[in-house]
């Protein structure tokens, strides 16, 4: 399988009145849609094929985004499996008056590459060069590991309750 | 603090060509926006105040949703802290020809209730009655615990690397 | 022909600045689009086939809806003919501060079920059980009867004028 | 009160994939939103004030509109009361290949003019000149009369049932 | 080739909060999208075929448009070549309180008519009758001539610089 | 006045069915809206203030963009006057199957910076460093010069006609 560097996909947007609640704070869901779009471009471009969102992890809204802010969304493939990719997405908000920039949101998106029949297919192997790329790779592995642990613990909790004597 | 039951918020939608990629599969981000909207209504209504998305966990796209499908999104507050709430969201897709329903997506949204100044404020305590409500509460706790563990492991990995001798 | 109960289709939405005029009052047309979408899901699901809007009757905007309100739209098939269905739609608005709910809008939508060639086709017969279901059925018949009378009176007025001596 | 002629408001649109169901037929609700927007401009311009939709009557979807069609929506105030106006709306669809035009939809919208406090306020009296304007006025009166009859018959049906001996 | 008169295509819109920046001034891009849509209908209808935008010239935003304004967009084919058309577009804004109308925007759009394979194809010859139509035709020729000159001057500047000795 | 370098603003988008005509070719107007949004961010960020579109010049759609293409829009301030800026915008389309990139569109946008009262206000002086930046500056001057010439020639044509003896 081909080896490949991952490109950063950038997208600037302006936050509009319809994107926000009554306090003027941007809806998480609107931001998620922008992050997913940017991540989908990063994943599809890396894989050279359509890619669909399989799950998201660790999506944290650290600082609120306000109506009128300019937001820069950046997405890059940071980890790859055989047919899946982890895309890290960061959002930076810029206040149009003070020009102050704040790191507002971060998330990990899992994408699966699909062939023409919609079946998962192999993706190129990822070339890691800088220390930052190695760190992002390692963090993505922690994120994946915790998701697997969580799934197992939830299953155990469900089984335990199902086996419990009726109240 | 007042005690309260949590209501289920339902929302039906139709999936349109613009919601999907070239394989006719609905974008994750479009679905996230619908889930967040429904979850925000559930959280705001429960809290009796505006509520903003703080993070999402365990968002799993189990089955693809297709153009033309009807989707039913259901959201309910399943866990509450002092100022925060966990909203569980499920999406069911209905094929318009076969009428077959599939459970396609599940996610946990963390919301924070805000007062008039945009500061976090207390929410009612949650009344749990059925076995299912108790189970959902317990699962939300697992989800939260794993998120905290993940945060700690990521911090440790970053510190370790920063302290490592320069390559 | 199969007999069937009609399900209630619910849809929650939030009213945004773009949905309203300068007085902050929601446009009727925006609400109509939401009502038609919800009614179309109710009709298509009942018929088990695509269904298209043939006409609307008695669409009354009783109370204004305001930006920031949460609105619950509910639709149910209340009357069926051979290939047509009447869907009653109600909209309830919830003030996000006072939590007061008001019944704001009501309407009757006529849908026709279509086969693969876009031709009208038969729909299941409707099972009526509760007193409310019988009343809704009866009201739908009044609505239909008045629409037929109106059509006839308009035709008569047109003919009368066309036959009148030139002024 | 001032007397005034009513202007025709025209609006051309193109029908997009997102406006239609799987048979390629435009959703009624999408068309209603366009009709209401055009009618609101006609009513507000006539009244010289904001105007809100109070009800719609006799909305008939005579011919289906298809994806790719160009549609011309025309709205004009045809009847006025003290604070209310009836706007007649017609939609003509033009096939982009055959250039054939079809009259697809017709509806009567009732609008109420509002002052700065959102209270109903007086509108100019309508100047009727042509035979067509007189006919439209007369038809609007029939439409209004039938709506009043319908309201009364529905009320009677409800009272009759409420007074009926319990089953 | 057939000869033909060009029809005026009109489109009324209301300016919404999402269409504007923080000063309440409508984005140029939103207006361009409305102008292009209206121009595309004028060109396609004139050509009797799909027509695509090849370029725009002399797009001038003379007066700002404000949230709440009603805008009337008017488009008409004013010049035709063998396969191309020039569509002049004007936008008039109407203040909803003062009812004052201002000519806010003007632009020239070049469209090319396409056959079924997406290849340019011939359009009808334009019938010019009024003095205004002759003037618009003459102005369109000036606009085209200046665009050709500009293209040539830019090319010359590029060549000159490429041939300049390295600094 | 402060001197400043101009940043490149990037924006990635995916082309959807609703963005295109029946031949699957993206509407010029949809692309203009994306270009204007990206240009507005570039201009506002450079000026450190809101900036509004005053005119566009030389907007050329060189290659058609197709549904499913990924498009990269890039905007940068290339020329500044006292209160106005010229932003050059380029659009590159990437075919999702072949990954071939094509330069599809180019345009020059004139923006004016505004103070809190909506009056034009001074912008920083532009630092030009690379040969490319000098060339872009020179081309922007040609574009401006031709726009001024065009305006004068159109005025002359209008006067000439007005002074012509009545036909």
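Per-chain numbering from 1; labels A, B, C, D, E and F assigned in written order.
Just so it is clear, contacts are C-beta pairs under 8 Å (C-beta built on N, C-alpha and C of every residue); 3 or more make two chains touch, one makes a residue touch a chain.
Being a predicted model, the structure only gives us computed values, none of them experimental.
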item: Partner chains shared by subunit B and subunit D (touch criterion as defined above); value: C, F
item: Required steps from subunit A to subunit D (each step between touching chains, minimum); value: 2
item: Equivalent of B-C within the choices A-E, B-D or A-F, defined by over half of its residue contact pairs recurring; value: A-F
item: Type of subunit A:subunit F copy interface by residue overlap (half), same or different; value: same
item: Rounded Å distance, subunit C centre to subunit E centre (Cα mean); value: 41
item: Centroid distance [mean C-alpha coordinates] between subunit B and subunit A, Å; value: 15
item: In subunit F, residues with contacts to at least two other chains; value: 14, 17-18, 21-22, 37, 40, 50, 96
item: Touching chain combinations (by label order); value: A-B, A-C, A-E, A-F, B-C, B-D, B-F, C-D, C-E, D-E, D-F, E-F
item: In the complex, subunit D residues that touch subunit B; value: 17-18, 21-22
item: Contact footprint of subunit F on subunit D as seen in their complex; value: 14, 16-18, 68, 96
item: Subunit E-facing residues of subunit D, complex; value: 9-14, 37-38, 40-41, 44-45, 48, 50, 70, 94, 96, 99
item: Residues of subunit C touching subunit D in the complex; value: 21-23, 25, 27-30, 32-37, 40, 50, 52-61, 64, 109, 114, 118, 131, 134-135, 138-139, 142-143, 146-147, 149-150, 153-154, 157-158, 161, 167
